Amino acid sequence: MILPFLIIIPLLAAFLITLISGEKDNWAIVLSVLAEMSLLTLALFSFFTTGYDTFVYEMSGWKIPLTICLVQDALSGFMLVIVNLIALTSLMFSISYIRQYSSPWKYYALFMLLITGMNGVIATGDIFNLFVFMEIALFAAYALVAFGAKAEEYEAAFKYAVMGSISSTLILLGIGILYASTSTLTMAHIAAELQTKDPQVTYWVAAVFLVGFGLKSAVMPFHAWLPDAHSSAPAPISSMLSGVLIKALGIYAIIRIFFNIFGAPPVFLMIFMVLGSISIIVASYLALGQWDLKRLLAYSSISQIGFILLGLGIGTKLAILGAVFHILNHAIFKSLLFYNAGSVEMALGTRDLRKMGNLRGALPVTTSTSMIASLSVAGLPPFNGFFSKLIIIIAAVQSQHIIYAIIAVIGSLLTLAYFMKVQRYGFHGETVINEIKKPVSLGMKSAMIILAVLCVVVSILIIPGIREITLDPVVSVIISKTGYIQAVIGR
Amino acid sequence: MKQTEGMTLIVKTVTRISVWLILLYGIYIILHGHLSPGGGFAGGVIIALAFLNVMLAYGRNFIKRWVNIGFLHDLESSSAALFLAVGILGMAIGGGFLANFISHGKLFNLLSAGTIPVLNIIISVKVSMGLFVVVWTLSVFHLDKGGKEE
Amino acid sequence: MIVYILCFTLFLVGIYGALTKRDLIKIILSLGIMGYAVNLMIILFAYKEGGSFAILVKDGINSNMVDPLPQALILTSIVIELGITAMLVALSIRLFQKYKTFDITKIRRLSG
Amino acid sequence: MPVETWLIFILGFMILGSIIALELKDLLSAVISIGIVGLGVSLAFLFLQALDLAIVQFLFEIFALIILVRAFIGKEYHIQEPSRSHIVQSVVTIVVLLLILVMSINMFKALPSFGHPIFSTAKHYVENGGRETGAANIVTAIILDYRAYDTLGEVTVLFTAILGALTILRTKKSNGLAGGDNEAN
């Protein structure tokens, strides 16, 4: 019963914002923050009450497969918590950051629509509905990337929109062929039907989905749009895009479709491992050469997505635990790093690492939180990034994939290298900077501090007693593969 | 090139008659959406095209004098909110979100099928207003060529 | 079977345009072609031999109908396509205003 | 003539029209030939007994044409700018796409053949849709009753697209849409 509200609340907020808010007043901020706080509460509540159960909400009072259903299990609850947590901090960061643009209420309305789209994708149990809500999130993202109204932003948004549109059309083609061969749209029924059909169709559709969702999650051969889009957007949107959008639309959809519908065919796990390791190495290498802070972070996102995909591809219980944990960790530290970049950009008017200097005196909060985030993403103990990467590497060794383990280690070292570069040139350089154009506001500071604290606190999820109630149910949903059919149909 | 004055007198006269026919046809399509082909989307586009017809024939200033574009945009968002409200009512009264909670009536009657005609009307308002606002914005933007630098 | 392959060919023509054309308007048109092909493909899957439209008629029984569900999906898909067209047109107008060209090879301020 | 023959004819015509549209140098003609291809889709929908879709496709086609022509005419820009020809790239793309086409043929053979859908979920809609929802048009019954949630999503997509287009086109001095309050005169 909770799930419909996770779509209704942001949707209502978006419609009301466009109706009542004008240029000057603060209704948009009040409404969106209220909506987001209630969403986070609901998401946390749904995650902790679900456990190993699966609840299905059927729309319009009909039964599946006649209608659309929302599926609430540990995986969707987990993703909802991540999305809404990052969204809340992003809103806190936006309040003063967005004042520099005109018509901020449009920003908040689009932001709420972005949340609607992501929540809808995560909650739904119907494959066409997934497509529709994915489009909502993407349309909002295209407009938000172009929000700053600069030439580069339009260029990035156009590229993003073309790529997104190609991938969406591919996904729709895949959905159509699935419908033709199974005559249903509910994911659980599709999964049940596919087991009796010609595997050729499954493989073809899986290949199409791999390209489509690969484009959405920007794994390596399909990554071309990401560095432009994620570095051109306003900082809070960059953090939403890098932190959660590519995971909700890309990785989550890949998990649901490849594991729960197709039952994780070994060929595709192999492809995940290969694509993941290519992403790790090449994107880290490209990040090393960047001097634009936000572009560097965008490339870093690609390589961290590679870690998640590698963990999923290894496919053992431990590896999937690592991947799931890394989804959460990457959302937290990458969002924090984009906030850091945003506040530096606002304070100094540049994001070129060579033009920054020693910011310890001018921006103390930004500098110290960026240190935490950098160490975390580079995988140093005791921060959260260390544990998830360690788990993935151990799992790779355990399952005899020594080469992949070595690649992951090299990737972590490269990550450490380019974040040392960020720290060395960006925040602890020789020229001491004391003057800043615009002060970093309280909302921005508190958003950064919350995420920095989470970087440390989240590590405790790995402690056995806590892991059993948080991460283990999520892993069990993924690892049970087509157990999803039983959970949804045979209630 | 000053095109805000609209087209020739012949076009204007024809438009004055034809636009009402187009509107009538659109309304027919919307109201019979649950009985015959068509429905809210098709009808909404027809109504938007009728508005466009007026805009092309009489020029933008004519529209600007008679209609408040901001109001059209508000109408669009409020109809979207109304759709959601019908859904929530369905949750409160009927079996689930967006349930058809009004009595279904007799098959083939104009007043039948519960919430379906209501939703058709809401959708048509939304679609027609939204599409008209988009074309309006595109053509207004074209007017101040070069735009103002942000 | 042959209609499926022809329809898929149309889809590939769209992909070809989207990948190789250098003009913003041509790219928008290519995306449109891809959309048409997918929409038509899904409706092809719905056709039933000798079937008629999925509307009940007052007198007489319309028993042999085509599959109505894909039609409902494609209605949604057409609207989504119109939305993406509107947004891409808006973006390309803005790009024209900033760069004074529609050629994507000349619009390249972002590196890599 | 059977439906399939008509469809092959229409599809061939559409493929030809698309290629012409993509290769034409004059952009206005290209836009119009895409419009004709779209009308071909509408015609195909009629043959496939999808009446609602034929109407909607026809109207949206006109609308998309108006948007494209309205937006690009008068920009002193009708002819595609001469650009470096990428013959190698085009050839490689065509070869790869042909390979994909050849590899897909077996998959299409494995699907239910044309005119014989599986019809399992749809069976319920067709048999009971009218009685259960009160709507004679089964497609309307699906989009506004059984799967109304999708339609809510669709309305939201359109809303987002329009808001997005307005956001992209907003000028600093509100042009009458950004604020919605300065048009009151």
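All chains are identified by letter, namely A, B, C and D, in their written order; residue positions are counted from 1 within each chain.
As a working rule, a contact is a pair of C-beta atoms (placed from the backbone, for glycine too) under 8 Å apart; a residue touches a chain by one contact, two chains touch by 3 or more.
Being a predicted model, the structure only gives us computed values, none of them experimental.
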Note: of the two pairs A-B and B-C, more contacts are counted for A-B
Per the C-alpha means, the centres of chain A and chain B lie apart by a whole-Å value of 36
Separation of the C-alpha centres, chain B versus chain C, in whole Å, is 23
Taking each chain's mean CA coordinate, chain A and chain C are separated, in whole Å, by 28
Separation of the C-alpha centres, chain B versus chain D, in whole Å, is 20
Touching two or more other chains in chain B are residues 35-37, 41, 73-74, 77, 80, 84, 87, 97-98, 100, 107-108, 127, 131, 134, 137-138, 141-142, 147, 150
Each of the following residues of chain D touches two or more other chains, namely 51-52, 56, 60, 63, 67, 71, 75, 104, 111-112, 117, 119, 121-122, 125, 130, 136-137, 143, 145, 147-154, 156-162, 164-166, 168-169, 172, 179-181
Among all residues of chain C, those touching at least two other chains are 14-15, 45, 53, 55-56, 58, 69, 73, 75-76, 79-80, 82-84, 86-87, 89-94
Contact graph of the chains (line, ring, star, complete, other): complete
So, in the complex, the side of chain B touching chain D is made of residues 1, 29, 33-39, 41-42, 45-46, 48-49, 52, 64, 68-71, 73-74, 76-77, 80, 83-84, 87, 97-98, 100, 104-108, 112-116, 119-120, 123, 126-127, 130-131, 133-142, 144, 147-150
Listed in rising order, the residues of chain A that touch chain B in the complex are 4, 8, 11-12, 15-16, 18-19, 57-62, 102, 148-150
Chain A partner, complex, touching residues on chain D are 104, 106-107, 110-112, 117-122, 124-125, 145-150, 152-154, 156-157, 159-161, 163-168, 170, 172, 174, 178-181
Note: in the complex, chain B contacts chain A through residues 73-74, 77-78, 80-81, 84, 87-88, 90-91, 94-100, 150
Per the touch rule above, chain C residues touching chain B in the complex are 53, 55-56, 58, 75, 79, 82, 86, 89-90, 93-94, 97
